[in-house]
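Two complexes follow with chain A in common, the first pairing it with chain B and the second with chain C.
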Partner chain A sequence: MAVFADLNVPASPDRKSLQKLLEAAAHLGYSTVAINHVIDFKEKKQEIVKPVSPSELFPSLPIVQGKSKPIKIVTRLTLVVSDPSHCNVLRSTSTNIRLYDIIAVFPKTEKLFHAIDRGIYFEVLYTPAIRDSTMRRYTISNALSLMQICKGKNIILSSAAERPLELRGPYDVTNLGLLFGLSESDAKAAVSTNCRAVLLHGETRRTAFGVVYTKKPPRPDEEEGVLPVRKKAKTEA
Partner chain B sequence: MGERRAGAGPAPQRVVLRSPSREFPEAGVRLSAAHFKQLVVSALRELHGEVGAALSVDVLTYEEKTLSAILRISSSGLVKLWSALTLLGSYQNKKCAFRVIQVKLYLSISPCIIWEQ
Partner chain C sequence: RGAWPCRYLLCEILCEDPRCRQCIDERAVGASVKDAIARAHGDYGLACCSVSFTVKYLNAYTGIVLLRCRKDFYRLLWSALPFVTYLENRSHRYSCCFNTIHVGGTIRACQKFLVHYNRNQLLLLLQNCSNEEERQTIQESVLSCSLKELEEEQSQSVDEDDSAEVDRTEA
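After this line comes the complex of A and B, so read on.
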């Protein structure tokens, strides 16, 4: 049974509505949900707040339908950037950034797109298509052009549902992927495999900053005579 | 010696969508079967235009109490119908959501002629 995830649930100060959303997501079969905090730099100075820890928000997490485990909640930060200088925050030593599991960038201008590559996934939201008919057209046309450019790889589909009624089940969202021009396997991956890859990528960002490996230098033949001498020295000591 | 020959024509495939819990936030919304069919067709028209509305959708069963139904459509129209139901946000200014529970594929049985010598 594949693991489905919905990686964009807007964080709201209202705890009850968030709880209802999580229950609806668990009922529909999502194993993982990411609560999204949006920071917009255009408005006057916004600090990157510490994410509310899920365990203290919800003492009892609802169980996912079809599995016996409770739903898993991760935290996500979205930075709305319209200027390359805003990206400097990502490099800063702000300790709060490290507390988030997933970091997303919402570019407002085209020149920021060139900064996006290297194992990064693109997200397509489907909730605007439910709310409004003009947004529906934009969503579908943008999704189609995105599919053309990246050939269906590295895409995730998620909702930005503010109400439980705006959530759709994982197989419904897979079908929407078909509508957006993905192939069948790509559409299912967009809701399951790629989401898991995003979570793992977030983990590697936080833990592994580089790889160090040691390599034994190749020993030339003339030094072989030295070995037994060394061995002797060890036993004597 | 036995010989089997199938009947005429390729077998068209039918797909059955079981979509229960068409949820309305306010309780007490009543929908008759005809209304429901009209809702499905209007959802198709909203997303796929006249071509979508022209797809032949059959409502096989409909329960008014739970607002759940079993729909039947040809396999070529499945993606259109399913996406139209998924993206339906409101009907007559009331917010609603379709939740599709099960999709089954049926091969319709074409007549076979079997005779033995």
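After this line comes the complex of A and C, so read on.
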């Protein structure tokens, strides 16, 4: 049986609500979940703090449905960048960054978006598509454009769920992938093997770092379709 | 056997508010699913499913429902299920979501899976029980969740008349 992961569960100071999310994720069959800390450099100078060790935060982890192991938690840092200088922090030897299992970058401009090419994983969030009809249309049409470019490869699907009922099971998410233009096998990979690849790259991040690029959702007046996706990029440093 | 090959979707309805469970009946589940199909696939999707979609079984205690659909449309139905976000009862909406736990070609296949699933669920739930009464209640409600009767029903009526189902799905 395949191993599933949701690599975007927003961090929250409310430990109880996070615990409920983890229980829901375990019940739905996710073996691994990444808790995502978002830092926006545009706002007042934000510090990159050390990630709290998941084992400290959650002494007892729920068992994954269908497996006999508890759910695995990894840490993720997403940097919202609107200026190339913000990216410098990635190259710095700040020890705190290296402590995160996954690093993601959300580019606010198209220039930064095109700055990476090789080894990128694109993340498509599915909860916006479920929440409201306008976001659903943008998500689907942008995802379809994205699929044209990357041929459905190197995609991961994640939730960014804030409440347990926003999560969907891996097979249901695979089906959503079909609506986003992925083939059956690519959609399944988007919740399983591609996520694993992202995690493995994160683990070996001594000479390489994992980078994720995202774009803000398009505004109605914008002509060019901008993708509400996050990309995970692995580049050899 | 039967005019059209079918697919059976075994789903679990997850809710936060316990009152949501009271909404788990054929009418409310059918309505929410059709609404999701309309939102995801428009009139075409709704039209397809009105000739081929039925709620075959539900268990309000465990939240397990069995949906039936013609094989050629089941992906349409399945891809709409993530868009279900509520059940409605007497103008009250309760948040919920659908978790598809199995897709099978026959009720028997789904029953086999359900037995397995129930057993796992039971083990996990009993682990968290604090008293004997709780254990009993949980055990009873989980074990009563079974498609056995449906299975027997199906094997008896070999030529299932699908046209009879159409009337039931007209809300």
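Just so we're on the same page, the second predicted complex is superposed on the first by the 205 of 237 C-alpha atoms of A that agree within 3 Å, B and C clash if a C-alpha of one lies under 4 Å from a C-alpha of the other, contacts with A are read in each partner's own complex, and residues count from 1 in each chain.
Assume a residue touches a chain if its C-beta (ideal position, glycine included) is under 8 Å from a C-beta of that chain, and two chains touch if they have at least 3 such contacts.
Since the structure is predicted, the reported quantities are computational estimates derived from the model, not experimental observations.
On the superposed chain A, the two partners chain B and chain C do not both fit; they clash. When both complexes are overlaid on chain A, the residue A:21 reaches neither chain B nor chain C. Look at A:9: by the touch rule set out above, it reaches neither chain B nor chain C.
In the superposition on chain A, A:187 makes contact with neither chain B nor chain C.
When the two complexes are overlaid on their common chain A, residue A:198 makes contact with neither chain B nor chain C.
By the touch criterion defined above, A:130 lies against chain B and chain C together after alignment on the C-alpha atoms of chain A. Contacts of A:171 after superposition on the shared chain: both chain B and chain C are touched.
In the superposition on chain A, A:66 makes contact with chain C only, not with chain B. In the superposition on chain A, the residues of chain A contacting both chain B and chain C are 28, 126, 130, 133, 136, 165-169, 171-173, 175-176, 178-179.
Looking at the complex, you find that chain B touches chain A at residues 23, 25, 46-47, 79, 82-83, 86-89, 95-100, 103. Across the complex, chain A meets chain B through its residues 28, 126, 129-131, 133, 136, 163, 165-169, 171-173, 175-176, 178-179. Every residue of chain A that touches chain C in the complex is listed here, in rising order: 24, 27-28, 63, 65-66, 126, 130, 133, 136, 164-169, 171-173, 175-176, 178-179.
Interface of chain C with chain A (complex): residues 14-16, 39-40, 75, 78-79, 81-83, 85, 95-101, 103, 120, 124.
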